[in-house]
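After this come two complexes, each holding chain A, first together with chain B and then together with chain C.
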Partner chain A sequence: MLFKTIKKQAFFDFYFPDFQCVGPKKVGINNNGKPIYQFLPFSSFDEIDLDYETTEYSAKTYFLPYKETLSSFEFKEDDWTQNIKYSTRPRVIIGLHPCDINGLIKLDKVFEKTLFPDPYYITRRQNTFVVGIDCKKPCDGGFCSSVGSNTVTHGFDLFLTDIGDRYFVKIGSDRAFNALQKIKTSEITKNDNELYLQTRNKFEDGFEKTVRVENLPNLLDIEFESDVWGKWGDKCLSCGTCAMVCPTCYCYGITEHISMDFNKSDKIKQLYSCNLNDFAQVAGGHNFRPEPATRLKYRYYHQHRGFVESFGQPLCVGCNRCGRACLSGINPTDVISDLQREQKR
Partner chain B sequence: MKKIMVPYDIRHETDMVEPLDFNRRSRLKEVDRCFKAEITNVIRLTDMEKLFQIRMVNDKDWERFVFLPGQFVMLELPGYGEIPISFSSSPSIRSTIELCIRKAGKVTQALHKATRGAIVGLRGPFGTYFPMERMKENNILLIAGGLGLAPLRAPISFVIENRADFKEVNILYGAKEPSQLLFDYQYEEWHRIDDINLEVIVEQPDKKWIGPVGLITKLLDDIKVVPDKTYAIVCGPPVMFKFVCKRLSEMGVPMQRMFVSLERRMHCGIGKCCRCNIGSTYTCLDGPVFDFWTVMNLKEAI
Partner chain C sequence: MKYLGIEPQKPKIAVFDFTSCEGCELQLLNKEETLADFLNAVEIMSFREASSSSSDDYDIALIEGAVSRNDEVKRLEKIRKNAKVLVALGSCACFGGVNRLKNEFDLKSANKEVYGNNPKETINVRAIKDIVPVDIEIPGCPVSKAEVESLICHVVWDSPFQLPVYPVCVECKQRFTTCLFEKGQLCLGPITRAGCNAPCPAGGQGCWGCRGPAVEPNYASFFTIVKEKGFSDIELKEKLNFFGAFQEVTIS
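Up next, the complex of A and B:
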């Protein structure tokens, strides 16, 4: 890994011609008086706030849109033709936190480095210049350090850490290295390294919540029939909000939408949630997971058991967006702690 | 100022230019492109099921379309949707493929109105298959319940085409009513020409029915198995293969020698959408064919 430092102002002079730039924008104030941020397009650095705590939604939508046309069919007499388009629009996303970048790395495993690489995801990912930034302090209820997502070593083009008047910069790609040639950078000194480590240590000492997850694959198998699922499942409204705000939930459904003149039909992929009632319903009406509790259990089972089996790490990045967004107060750390207690009982 | 990023166009990748082949799973990138195919014949089997004979429009596509018994295909009905359907015919028939489809949902209802000449789309083949080569030199038990005969007809065809390679072959088939029996025009042929012992049982007989009455497990009473010389393929609703496989276990057949085919509503077929997940397993990639040991270890499978 190559490191540099940049004066903060020099970074703000960065100019991305012709690209859509996306960053954390303040969009409102929540009930507790805290600012609400979202990743939205901006045209000047004044519009974004790189010191933001967290965003309500993850930046997933710029890689896996909530709704995406996979292909369209054009009908002519008794025949049809299938047209497929891939998005090649270059984009820059500035201000992704380590959890979001780790989320992207996990999505890369599913959509790029696996059987049947996904062209829709790959084009969006390749056409996105990712600039990450370290968090100032742990976010409300975040437990990224528990799942190893508080640091990041790849999956970005540039990664910034605020060390006072300068950014400590990790360079993650050759295109980022070339881009940095255009602005003034400095080589890192021993002192910069010290400052960087101090900043990181201070951040890591700030965590209020930690959970054990390394024993979860085994525990989830043993506690498959546990009452814990009923307890939390009864609260679950099966609304799917958790999956929408999650940086890594990638389940989807495909439907076809025909035009009013019957000349064209679009095959549309829409992100789904395993908590929605009909997620595992098959033709004829049988539902393999009819109760909210089994669906909620499945969500944890996929994140902490299934994904670990396939890729050696949990799918969850510990951002706690689902916990904050949940309408009935279901919080991943509480659910996991409950399971851990069950083991000790 | 020079651009920091050159737009990336995946269409320039060599894998995208090469012809579509779904058997190259780690390289294929044009995952949503389907082969064009024509319905050449529609055969009515029962009130609910029809057999569709389908042929690729482009001969070159057909050359690459190589499948094995037990695998499935995503059948696209443009404007309606796409559904996973198991092959019902032998892979060695190079003129058409056959798909036996029950009228069950929106897409299949539309499909049942389709006639000869309709153009549909096919993506595939996908999934795992029955290890037919490994089964050679053994006795074979082919057990189907209801619509389970549709996927089972592919291994049946394989066994018939290679009849000399297999020892005793038994087909046990159970249905609710005689009117729901599939492929009844073939029973005589299987029995008299292909030297297969075929037993059919129904739960609710009509006046004309002279065969046995009851559940499929009843047919196993008269079957003698040599456990380490027998392979079993069981297709049907979960409750049926659960009891059948349990029974076969009691008769001594090892769980790794019993194969079942699971049914889930896949949306993608390529291990992405998670709709077919059972616990941590993708039915579309790791299945639909599993040995019974694996199924027993899957949470919520049956």
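Up next, the complex of A and C:
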């Protein structure tokens, strides 16, 4: 990895012509006086705040939109044509935390490095210049260090760590290296390395929430019938909020939309959630998971068991966005801790 | 208009208004970008707001409004006999709508309050399904034109017609709306059927449940949350009763 330092002010000289710029914008204040941030397009650096704690939504939607047209069909007499558009406007996303970049790395495994790569995802991923930044402190309920998503070594173009008046910069791609030629950077000194490591250590020491997940896949199998699922399932509103704010939930449904002149049709993909009532309903109407508890259980099974079996790591990045967004207070550390207690009893 | 060489059949539709504001009927004439195609796809046999023709020869009856008078009952029964498919259009037709608030009061005093010394004949407000069998319901105040279009495609091409089973929360999230509970508001989104694209929360107003319950909403959990957030039963009841769409549940 190539390291450099950049004066904070110099970083803001970055200019991305023809790119759509997206970053953490403050969109309001919640009940408790805490600022609410979202990743949104911006036109000037003073619209974003790189010191933000966390965003309400992940940046997933810039790679996997909530809704996208996969293909359009046009009917003409006895024939039809299909139009597919992969092209996308280049985008730069500034300020992704390690959890979000780790989320992208996991989505890469599903959509890019797989037997059936998804050209829609790949187009957006490759045309997005990712500038990450280390968190100042662990976010409310965040447990990324427990699932190995508190640091990141690839999956970005540039990665910043705030070391006072400068950013400690990791260069993760050749296009980032080239982009850096246009602004003033400095070589790393021994002092910079120390500052960087001190900053990171301070961050690591700040975690309040931790949960052991090493043996979770096996525990989940053993606790398949556990009452814990009923306890949390009774609270679940089956509203899908957790999956919507999650950086890695990628399940979707596809529907056809016929135009009112009956000459065109769109095949539209919409992100869905395994907690929604009809997620496991099949043709003929049978629903394999009619109870909220079963659906909630399978969400945890995908995140912490199925994905581990396929890829050797959980799908969850420990950002606790689901936990904060859930009106019922369902959050991964409490659910997992409950299961672990169950085993000890 | 041919689709793979097949000429589509134009369904004969008729639109009728009962006790309502006629806003849903206006919705049928909105969405100008596809209005011409919409009118071309159907044959309008009777539609007071859009056409001077009036005929009882129709396949699909779109009913707007609730029933609040005895003569409306008779009229509705006649329409049911004529129609192959009867569609309840909008919250009034599906649940009784805001009209249903009248049922909370004594009929005589309500009559007096509104009409003074010129009382009108009136009965308790009922939804269309309380009088005659309804084939398809499209809830909403007003109804979504996109869903009506989808219904027409369903009738002409047998393409699937299904309302979302999930609650409004999904649509709020998909348009980056901050949860209104975060901002200290009461919102029925978590128990209300989506499909409206959540315009009220996006505009800063908690959902009033005009589309009625989502499929199997978790009332118990939702009511607990509402209480924990400090809202009173009166506030909750006011919201639940507003469109009369949550008759299936009582607050314990």
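Here is the rule we go by: the second predicted complex is superposed on the first by the 345 of 345 C-alpha atoms of A that agree within 3 Å, B and C clash if a C-alpha of one lies under 4 Å from a C-alpha of the other, contacts with A are read in each partner's own complex, and residues count from 1 in each chain.
Methods note: contacts are C-beta pairs under 8 Å (C-beta built on N, C-alpha and C of every residue); 3 or more make two chains touch, one makes a residue touch a chain.
Quick caveat: nothing in here was measured; it's all calculated off a predicted structure.
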| item | value |
| --- | --- |
| First (chain B), second (chain C), both or neither touched by A:277 | second |
| First (chain B), second (chain C), both or neither touched by A:126 | first |
| First, second, both or neither for A:256, with chain B first and chain C second | both |
| Chain B versus chain C as contact partner of A:226, first or second or both or neither | neither |
| Comparison of chain B and chain C by chain A residues contacted | B |
| Chain B versus chain C as contact partner of A:199, first or second or both or neither | neither |
| Partner chain(s) touched by A:27 [first = chain B, second = chain C, both, neither] | second |
| Partner chain(s) touched by A:69 [first = chain B, second = chain C, both, neither] | neither |
| Which superposed partner A:331 touches (first chain B, second chain C, both, neither) | neither |
| Chain B versus chain C as contact partner of A:84, first or second or both or neither | first |
| Overlap of the chain B and chain C footprints on chain A, listed as residue numbers | 75, 78, 80, 255-256, 258, 262 |
| Chain A to chain B touching residues, read off their complex | 15-19, 70-71, 73, 75, 78-80, 82, 84, 86, 88-90, 92, 110-111, 114-119, 122-123, 126-127, 129, 175-176, 178-179, 182, 221, 224, 250-256, 258, 262, 265, 267, 272, 274, 279-284, 288-289, 294, 298, 301-302, 305-307, 309-310 |
| Residue ranges of chain B in contact with chain A within the complex | 1-5, 7-11, 16, 25-34, 78-83, 102, 104-105, 108, 117-119, 121, 263-265, 267-268, 270-275, 277-281, 285, 299-300 |
| Touching residues on chain A, where the partner in the complex is chain C | 27-28, 30-31, 36, 38, 40, 56-57, 66-67, 75, 77-78, 80, 234-241, 244-245, 255-263, 270-271, 273, 276-278, 292, 325, 327-328 |
| Complex interface listing, chain C residues touching chain A | 1-5, 8, 34, 37-38, 40-41, 149-150, 152-153, 156-157, 159-160, 165-167, 169-170, 173-174, 176, 178-179, 181-184, 189-191, 214-218, 220-222, 225 |
